[in-house]
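Everything below concerns the one structure shown next.
Chain nomenclature is as follows: A, B and C, assigned in order of appearance, with residue numbering initiated at 1 for each chain independently.
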Amino acid sequence: MRRAYSRGLVAAAAASALLLSACGGNDNGGSSGGGGSSGGGTLSIGFMGAQTGPNAQLGINISNGVELALEQHNAKSGVKQVKLIKYDTQGDPTQATNQAKKAVTDKVVAIVGPAFSGESKTADPIFEEAGIPNVSPSATNALLAKNGWKFWHRVLANDDVQGPGAADFLAKTVGAKTVAVIDDQSDYGKGLADAVRKQLATDGVKVAVNDSINPDASSFAPTVNKVKPANVDAVYFGGYYSAAGKLVKQLRDGGVQGTFMSGDGTLDAQFITGGGAAANGALLTCTCSSAVGSSDPAVQKFASDYKAKFNVDPATYSAEGFDAANIFLQAIDAGKTSPSDINDFVSKIDYKGVSKQIKFDSNGELAGNLLFVTEVKNGKLAFLGDTSQAKPSA
Amino acid sequence: MWNDFTQQFWSSTIDGLTNGAIYGLVAMGYTLVYGVLRLINFAHSEVFMIGTFAALGAVTLVGVDSPQSGLALVGVLLLMALIAMAASGGVAVALERVAYRPLRKRGASRLAALISAIGASFFMQEVFAIWKGRDQVTFPRVMNKDVWFNIGSGQVRNDKVLVIVAAVVMMLLLDRFVNTTRLGRGIRATAQDPDTAVLMGVNIDRVVMTTFLIGGILAGLAAALYGVFFEITQYNVGFLLGIKAFTAAVLGGIGNIRGALIGGLVLGLIENYGASIFGTQWLDVVAFSVLVLVLMFRPTGILGENLQRARV
Amino acid sequence: MSALSGIRRRIQFPDFMGVMGSWWDRTPWYGRWTLYVLLIIGAFLLPSSSIGSFMTPESDWASVLFYPIGIYVLLAIGLNIVVGQAGLLDLGYVAFFAIGAYALAVFATKKGWSFWEILPLSIIIAAAAGLILGTPTLRLRGDYLAIVTLGFGEIIRITANNLNYTGGPRGISPIPHPPSRPNVEVGGVKILRYGVLDARPYYYLLVVAIVLVIIIVKRLEKSRVGRSWAAIREDEDAAELMGVPTFRFKIVSFVMGASVGGLAGAIFAAQTTSITPPNFPFILSALILCAVVLGGSGNLLGVILGAFLIAWLPERFRGFEQYRVLVFGAALVIMMIIRPEGLLPSRQRRAELAEGTGGMGSLGGETGAVAGQRVEIDEEPVSGHPPEVLAGRDEREAGG
C-alpha cells in the first residue's frame, strides 16, 4: 500500500509536469505587452473580437485591417512603434469579459473593438471603468450609445439607421407594397428586423408575414409555407449569411419570387455560395462601405495594399477596422500616449477615412447616417452606393 | 393562428412528412443501438454528418455540377447513396470499436459510455471543422426540383417524394432483416437478454458490430438524401438533427424500428403544424412539450418499445 | 481497443483513493477540520497574479476563477446530487442555472430589489421549477428522463429568447451589482467592492456559497435522505420493495439540484451584468455532466476536480485555439476507456465497479429480463391473473 501510495504521487507529479511543459506555446495572442502606457517604449493597441469560432470571418476582416494600419504606421520613420495585441473572444460575451480584464492588465492604450454587439455589452463597462478608449468598427446595436459611456465610439451608423433605411429603400426605391419580415431570433437579427417592421408600418407598407427562424435548423419549410401564400413583393431577413443563404434558396425553391433584402450580417461572399443561383438579385445593406470598386485613389490604395498583404480583397468591416486603428494612430502621432489623452483627441477628431468621414457625436456615435446598398449580380457582390443613389437592377 | 393552420395545412403536412422521413432514418440508427446496448449513441449525429461530406465527395468526384436527369440522375443518386452509406457505416463500426467496445469489455457504466459518446462526437465534429472549415459547404444541384402537383397549399415535389419513399422502403427492409435473417434474430436476442443470447451461441461482438453498421448505413442514406434535398452541409449539421432524431426515436418507442420511423414522421408533422399555429420560434418548445405529454400518458412511446417485438 | 486495455493492465493505477480513504478514516475530527479550514483559506488565496501567470497567461486569472471555474464547480456539485447521488440522468441542468440567473435579472431590473433580497428568491424559484419538471417526469425510466430533461433545458432557453418580459434575444442588462462596502480591505484587496473591473469579490462570494453547499450536501449524504438516494441509485425496484418512497426522494434530489443551479445562476448574473439566452446552451449541460462523470460521480472532491479541469484546461490552452475542442473530445474518450469510474471515484463506487454493476447504478436502463418488467404487456394474460403478476412469475422462472 505504501508503494502504491508513493507511486501514485510520482505519477501525479509526472502528469502535472507533462501538462505544464506541454503548454509552453503562446503564439496567437501573445503574452502581456512589455510597453507601459506612457513614457518611452512601445505602446500597445488591442483588437477584441472573434478570431476563431462561428462568425470568425467578420472578426478576421477587422483584425486584418488593423494589422495593415499598424504595419504601415510602424514603417514610417521617426514614429512611436505601436504593437498589436489580439484578444480572441470567439464573439462570446462571457469570454469577452475575461479578455477585457486581461487587456486592462496588459495596459493597452486603446482598443479596436469589440466586434459584436453582444460582447460590447459586457466588455465596454470594463473599458469604461478602466478608462481605455475603444472604437468599434462593427457593433451596430443602437442601445450601446445610450449608456452614457465616455470612452466608447463607433465608426459606422447603428441599426436604428440601417433598419429604417432599408425599410424606406424597400418602400420607395423597390416599390414594395407587401413585405414579409423574417428574423433569426438573435439580438442583432431581431433588432434589425423589428426596426424594419416599425418603419415599414410608418411608410404605409403592409407587413403581411412575420416569422422567426432558428438559424441552425436545416429546414425553413414552415417559414416558406407562410410566405408563399401571402404573395409578397419583398422578403426582408434580419440575420447572418449562413442562415440567409439557406433561406433564400428554400424560398425560391418554394416558389417565392419577391425581392430578397437583408443587412450587413448577410453581406459576405458565403451568402452567395450558400444561396447559389437563388441569391442573385438580393439587396444587402450596410452602414459600412465597400472598399472594392471605389473611384477614390486613397481607397484604391487601401484595397490593393490589403490584397497584397492578405491575398484576398478587403471584406465587410475591413475598411472600418483600418480607419479605427488609424484614428488612434493619429492621436499617438500627435504626441498623446495616455489612454485619457488619446480618448480626448479621438472624441474630437474629424478624419477622412477609407470608409467614410469620421467624426463623433458627444455620445460616441458616428455623426452622419449613410446607408449603403450592395446587390448580388451574377454570383458576385456589386456595390451600388448609398441609398439615395442606389438603383437595383430588378 | 388557427387560420394559418388551416391555410397551411397541406404544405405543413407534406413538408412535415419530408423532414420527418429524414428524422426517421436517423432515428432508426439511434433506436437499434439503444435496443441492443441501452446506450444513447450521442455520436450518431456525427456518423450522419460524415455521410453528408462523403456524399458531397462522391458528387465532386464524378464532376457533377449541374442538374441531371433520366439514367444519369439515377446513377448519381445511387452513387451518392452508396458512398455515403459506406462511409457512415464504416465510421459507425470504427466508433464502436474505439469508443464503446473497451467500455463494454470493462463493464463500465452506461454513463461512462455516454460521456465517451459525447467526447467522440466533439472529436469528429472538430476533425471536420478543421479539415473542411467551419462555414457551410454547398452541394451542386444534382436534381431539378420539379413540382409534380399541388394538394391545396402543399407542393408535391420530386425530391420530397424521393425522401419519403426511401425512408419507408428502408424501414421495411430493416424490419424484414431483423425479423427473418439469422443475424436479425441475433440482434433481437441480444436486445432481449444478452446473457442468455451468449449461452444460445450468439456472437455478441458481431451482433453489436452489425447493429452499428446498419445504423450507420441508415444514417448514410439519410445523409445522401439530405445532400440532395438541402444542398448544404457543415461540420455541425448533425447536432440539432441528432437531438431531433433521438427525440423521434423516444417518441415512437425506443428500441422499436417502426416506432422510429413513425416517431420521426410524427415529429416532423408536429414541428410544422406547431410552427404554423404558434410561429416558427416556438416549434422546438411545441415538439418537446408534445414529447412530455406523450410520455406521461404512454411512457414507452407511441408504439411501445422492444426490438424483439418489432412486428407490432 | 486491446492496445489501450493492455496499457491499462500494465500501468497499475495506484490505489490512491484507497490509501487516502483509510488514512482519512483514521484521522480524528480536529485533523479533518484543520484540513478543511486550510483548504478554504487556500481557495481564498487562489486569485493571486503569480498563480495566474502560469494558470492562465492569456486571460485574467481572477475572472477565469469565477467563470468558468468557480461556477462550473458549483454546478457540478449540484448536478452531482441528481446524477451522482440519486442516479438520475439529467441532461438539462442548464435550465435551472438559467432560471436562477433570469430570476435575479428580472427582479433586480424590474422591481429594483437588492441582490441579497433576490438571492433566496432565485433559489426558491429554481427549486419550484425542479418540482414542476420532476413531478410528471420522474416516474419515467432513465433514458426517457434524459431526453425530457434535455427538452426542458431547451424549452427554458427558447422561451426566454421569445418572451419580451425576459428581454427576448437581447436579454437583460445592465444588472446591478450587490451593494458594496468599498472600505473593507483585507491584504490590499477590497473584498466587498463589487464592480466590473475586479472579479475577486464575486469569487470570494462564490467560495462562500460553495462551502455552504458542500456542508449541506455532506449532511444530506450521511442522513436518511442520502441513504435512500444510494438505495434508489443501486436498484430502484428493490428500494421500493424495501419501503423507500423512491418517488419522493427522487423529487427531493431534483429540487436540491435545481436549487444549487439557481444559486449559481443568480451569482453569475450579478457578476456578468448582462445575460442573454445564448449564455445557457445545451452544451453547458453536457459539459457539467462530463465534469461530474470525469471527476468521479458521487465523490464531492472528484466532481470538484472534474469541473476544475473541464473549466480550466480550455482556457489554459488558448494558444491551441483550433484544436481545443478536438483534444477535449479525444481526452474524454480516452479517460473513459482508461478510467471509466472517474478520476477520484468514491470508495463506494469502486466497490460497486468491482462488483460489475458499473458503479453508477444502471440509470434505469436494465437489460434483459429486468427490462421486461417495465414494458407494457401487450398480450392477453392467459389466466385471470393481472399482467404484473405474470411478469413477476416469468422473472422468477428465468432466474433473473
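The definition used in the following text is that contacts are C-beta pairs under 8 Å (C-beta built on N, C-alpha and C of every residue); 3 or more make two chains touch, one makes a residue touch a chain.
Remember, it's a predicted structure, so these values are computed and weren't measured experimentally.
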Task: Pair exhibiting more inter-chain C-beta contacts, A-C or B-C - done: B-C
Open item on the list: Need the most distant chain from chain C, centre defined as the mean of C-alpha atoms.
Closed with: A
Task: Whole-Å gap between the CA centroids of chain A and chain C - done: 36
Task: Where chain B and chain C are represented by their mean Cα positions, the distance between them in whole Å - done: 31
Task: Residue numbers of chain A (touch at least two other chains) - done: 185, 212
Task: Multi-partner residues of chain B (at least 2 other chains) - done: 281, 284
TODO: Would you give the residues of chain C that are in contact with at least 2 other chains, written as numbers and ranges?
DONE: 161-162, 322
- [ ] Using the touch definition up top, name the residues of chain A that touch chain C in the complex.
- [x] 1, 4-5, 7-8, 11-12, 20, 23, 25-29, 31, 51-52, 88, 93-94, 97-99, 101-102, 104-105, 118, 121-122, 125-126, 129-130, 143, 147, 185-187, 189-191, 212
Task: chain A residues touching chain B - in the complex, by the definition given at the top - done: 53-54, 56-57, 185, 210-214, 216-223, 225-226, 228-229, 242, 245-246, 249, 253-255, 270, 273-274, 276
TODO: Provide the residue numbers of chain C that touch chain B in the complex, in ascending order.
DONE: 1, 4-5, 83, 89, 136-137, 139-141, 143-144, 146-148, 150-152, 154-155, 158-159, 161-162, 282, 286, 289-290, 293-294, 297, 322-323, 325-326, 328-333, 335-337, 340-341, 353, 356-363, 365-369, 371-372, 374-376, 378, 398, 400
Open item on the list: Under the stated contact criterion, what part of chain B meets chain A in this complex?
Closed with: 4, 7-8, 11-12, 15-16, 18-19, 134-136, 138, 141, 145, 147, 153, 155, 157, 226, 230-232, 234, 236-237, 239-241, 271-272, 275-276, 279-281, 283-284
Open item on the list: Quick check: in the complex, which residue numbers of chain B touch chain C?
Closed with: 34, 38, 40, 97-99, 101-103, 105-116, 118-127, 130, 191-196, 243, 246-247, 250, 254, 281-282, 284-285, 287-289, 291-292, 295-296, 299-300, 304-306, 309, 312
